[in-house]
Amino acid sequence: MKKGFASDNNSGVHPAILKAIENANAGHVVGYGDDPYTQKAIGMFKDKFGEETEIFFVFNGTGANVLGLSTITQSFNSIICAETAHIQEDECGAPEKFTGCKLLPVEPVNGKLTPELIQHHLKGFDFEHHSQPKVISISQVTEMGTVYQPTEIIALADLAHKNNMFLHMDGARIANAAVALDMDFREFTKDCGVDVLSFGGTKNGMMMGEAVVFFNPKLTKLTKYIRKQSMQLYSKMRFVGAQFQAYFENDLWKQNAAHANKMARLLESEVAKIPQIKLTQAVEANGVFAIVPPEIIEPLRERFFFYLWNDAKNEVRWMTSFDTTEEDIYGFTDLIKQLLE
Amino acid sequence: MKKGFASDNNSGVHPAILKAIENANAGHVVGYGDDPYTQKAIGMFKDKFGEETEIFFVFNGTGANVLGLSTITQSFNSIICAETAHIQEDECGAPEKFTGCKLLPVEPVNGKLTPELIQHHLKGFDFEHHSQPKVISISQVTEMGTVYQPTEIIALADLAHKNNMFLHMDGARIANAAVALDMDFREFTKDCGVDVLSFGGTKNGMMMGEAVVFFNPKLTKLTKYIRKQSMQLYSKMRFVGAQFQAYFENDLWKQNAAHANKMARLLESEVAKIPQIKLTQAVEANGVFAIVPPEIIEPLRERFFFYLWNDAKNEVRWMTSFDTTEEDIYGFTDLIKQLLE
Amino acid sequence: MKKGFASDNNSGVHPAILKAIENANAGHVVGYGDDPYTQKAIGMFKDKFGEETEIFFVFNGTGANVLGLSTITQSFNSIICAETAHIQEDECGAPEKFTGCKLLPVEPVNGKLTPELIQHHLKGFDFEHHSQPKVISISQVTEMGTVYQPTEIIALADLAHKNNMFLHMDGARIANAAVALDMDFREFTKDCGVDVLSFGGTKNGMMMGEAVVFFNPKLTKLTKYIRKQSMQLYSKMRFVGAQFQAYFENDLWKQNAAHANKMARLLESEVAKIPQIKLTQAVEANGVFAIVPPEIIEPLRERFFFYLWNDAKNEVRWMTSFDTTEEDIYGFTDLIKQLLE
Amino acid sequence: MKKGFASDNNSGVHPAILKAIENANAGHVVGYGDDPYTQKAIGMFKDKFGEETEIFFVFNGTGANVLGLSTITQSFNSIICAETAHIQEDECGAPEKFTGCKLLPVEPVNGKLTPELIQHHLKGFDFEHHSQPKVISISQVTEMGTVYQPTEIIALADLAHKNNMFLHMDGARIANAAVALDMDFREFTKDCGVDVLSFGGTKNGMMMGEAVVFFNPKLTKLTKYIRKQSMQLYSKMRFVGAQFQAYFENDLWKQNAAHANKMARLLESEVAKIPQIKLTQAVEANGVFAIVPPEIIEPLRERFFFYLWNDAKNEVRWMTSFDTTEEDIYGFTDLIKQLLE
């Protein structure tokens, strides 16, 4: 199929990842994670985040978010998040169903939460009638393609901890954030006070597999049972472990994300030249949001598939990926211009 | 790692499956199943089971069982199963957690349920104090390595339907059953009255991916939401679709399962020659159960890993796989003999 | 204890209700609702709402809301409500825990929802990633003491039904609404398109007991099981049935609610004379909201207990009840004046 | 209605309890338990069980069991109980739905569990595939009318604690047990190692209201939230508090239970004289189980209502209550004899 800008998960798998899967395919290994590939990959995570880190591999991003949130909540808790958050908008209620918690959506600014925006939800503590606030959940990169700066994360973590709460980060696109910030993963997660991280790989060239990363090992005494009960324990786990190994070796993750981000900036700059199109969000990672003349949307989508973000406003979302090429960008913007003539 | 007899999921992936994954890796496709690989694979399932069949791919066996059972129950229902069933013993309570239902375990005979064995649970209908019986769940192949005959399945299906209940089949090893019965899948599922089937692939040479197969499409109006909410919707679904395509092409499933079953029979016949070992179950598929002198268990496991089934009785379980070789079997039985001398 | 204005549930039980309980205490009756008192009370509900109505008694308001919502949702649904709604703010997450649904809070105007306010949540239908909107839930009287007019209810019901959704009404204070509207219950519930109603009694002089009223009997085929599983089936049900009989006889409900509403208006008019106090909501039923000089709040609460509604704004809530007297009101406003001197 | 032997909850309320409700009906008190009646009743529980006891009032027995079990489990745990247990047979799956846990039913001997009977379920600890055993739950009085001796309870408590598990007691008929054992409540609960107790009142002359009693206060830090979220927090709590006060004053509980037990023994001795009837359980509290000629069951039930326990065996259950009279017994046995002629 022709490449498009629908989602970074419409891409395939990076060849180096596929190769790693193949290489892991020899002989028998114990299932469910007690194999050398998984153990090696966990070691690489610990190299990045510190020995005092606990890592649990799961199948997908929703599974990662739910496992992380389930570990740090009780059913009578509430979870504060942006109203655009994946856990609020795109998981069909999996967090509520599995954790029993209430989600408290907040209208974000530029896709981001701030202490001011969520302050009004920090109430009712110790009052048994009220769902007890326990987690602030942010997405890094946000669903609007923006990236939290470390100081912004620290402010939220401090607020959370001051209220005996946790800071959860949905890092489905964490590699794109690291590249955007030009930082190691640790610098804007653990070092900023994040407690639990969904570390994504699938949207950046892996086949499947995400990691739930806990920076306080004491939290995870029971996580293995929750993972199994939430149907996220993979029998042939070696094939996730092997992928993460390849993902970290030679900084493949960085190459992929850097490329995707670069393609988004190229798209941004090309689109900025087209007066009929209005960019609606800062392009900080691999997503471009724009308001587009409605008559060109369908013809554009036929050739380069993508999603409408806000029907009412004719706002569209264009995602770039590790396999997006300059030709894809120019072909796309050429078509836009052509359709607008 | 050296091959062992721990589980058919300790094997890797059949080369033809890997090849199919590679071949599916070109370009972009829409995520979450609306891609040609997934659609093709669904078509192949319909070829086998009839057009009036609905198929939902999920990540793993627990996910398949939970999705199937969630679709056909309400939280106040009960599910009757063998006390050895995977849903009872090996899913850490995922069925209870996700469906809210009560599981009613029954001591099976040769791993199997019969109408007589479950009759006493068919009570309390319409009585609001009592969890309402709604599903009989069987495993084919059973967890004891035995295989239900079609007449046995029909008897259970008839009993279920007579009571306004459903018959669910956990087919994690359905290919081994088909080979054992020398039948098409349909002949001992849909044609016998099974309502919902967990169709496994992972234990027979796939990398991951199972299918939930519904023989009554009316049941599945809401299943897509349940799949998403149960964290079992895979973004890069094409890689499950491509695997199932390869699995069905050239009857790869049959080759793999036939080989595994054959290896189990070889192991059975070799072990039968060793008087100190007592086979405890009929070997009808790819599992061999035996009582073994306790002193040889640990040295044996060091070389060929496997699991104790019943510690108290020194009963062990040996599983063969598509990649088990005659050399593996002879090497194993030679070691047994050596250790017993 | 001295009477106050904290909540209409700080009152005791109306003597006629107590008398009815006593009168129902003779001999044995079958438990769980199959008794003449319960059946009589159900008949009285049917007289009010029509024969085609199904009524389920439960213990309390949270139980009533959860039973109603559970009956008309699946776990992947969402429920739209005011951010002030009892189900959102005051049930510690019971609706999420028990139904699995997502609650979508909306900032109300005067405590009320309107079609405009909720329109943006009516999206994502048929899209499996998105919790499927299924219920609009309103409170009558609202938590801000305001009352929906029939036309307002009809507008929400029409919007719900047009989208294949239900309209749920939390009628914890429905008697006060009926008096405020000078209508029969049916005129502003069933006749306006409400599908499910939590019919409260406890806040208006009963000891305990609420009714879940379904205007479409087809919805309730399974409700009796949900009631039992949600721990809301009362063994000695006759004592709820007897209370509702007394509640409806001689329009006791109306006397009680009319008196409470009248006392609220008296309080409103007396308070309106005090320039330092600012009323913040229209007084339409039995609640009075006001901004009060902060220095008098604690001394006032010592003599007449009540709750702060919004700490930041020094907004308080004063509830009147069937047993509030004119002396209570004048004593209270006299104290206010005294404290303000 | 004529009195029968259906259940001790078919009785009404003891006059002293009703009187206490009336007496508690003056003026306003704070809702949800922070009132003098509730606090006084809690003090009386502490007098009986020791200062280091936490007590939570709920509406009914199912609510009590679920609140107790929810407090001491996580969703991936299992709960071992008799297959006749109320939590297994008569709560429509409330424990599974609310706790997420697996219930492991065991065939009891004389309605009772023993360490030997449950030993085979104490397995799979630390194995993430297996629901983790966490609770042994017993009923005192058992559902078969038998009573655990302290040594039997100690044996189960020791086994539980040795395995890092809890012992839960469903004391819906605990007063009848105390009388049967001629002991204080504490002697066969806390002093025997019970961790959590459902303390019933409704079946022994109260109108409604049960208490969940925790003997380790550390367990209960979060219980108040669970109670609210499980819809078991009563607004006008004073009316439960007042009942328990009256229940404990002048040992009303003991008078009621002693009378019910005495009536059961009278029924037993009278029935023992009728050769066509075979008693099937020891009569240790207020339940009598018997096999009865099938032809007299319906005519008997018409005059004195009761339930069949086991249809297949024509086994019936007759419960006596605080309000059963000698005349009731003799009238009943006379009718039996008459019908058998």
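Read from first to last, the chains carry the letters A, B, C and D; within each, the first residue is number 1.
One rule holds for everything that comes next: a residue touches a chain if its C-beta (ideal position, glycine included) is under 8 Å from a C-beta of that chain, and two chains touch if they have at least 3 such contacts.
Values in this document were obtained by computation on a predicted structure and should not be read as measured data.
The equivalent interface to C-D, defined as the listed pair sharing over half of its contact pairs by residue number with it, is A-B out of B-D, A-B or B-C.
When chain centres are set by their Cα atoms, the one at the greatest distance from chain C is B.
Separating the CA-averaged centres of chain A and chain D is a span of 50 Å. Mean C-alpha position of chain A lies 33 Å from that of chain B. Mean C-alpha positions place chain A and chain C at a centre distance of 41 Å.
Counting partners per residue, chain D has 75-76, 91-93, 97, 100, 128-129, 132, 225, 228-229, 233 as the residues that reach two or more other chains. Across the complex, chain A meets chain B through its residues 1-4, 6-7, 9-13, 18, 21-22, 24-31, 35-36, 59-63, 66, 91-94, 97-98, 202-203, 207-208, 225, 228-236, 238-239, 305, 321, 323. Residues of chain A touching chain C in their complex: 75-78, 88-93, 96-97, 100-105, 124, 128-132.
By the touch rule above, chain B contacts chain C in their complex via residues 32, 74-76, 100, 128-129, 132, 222, 224-229, 233.
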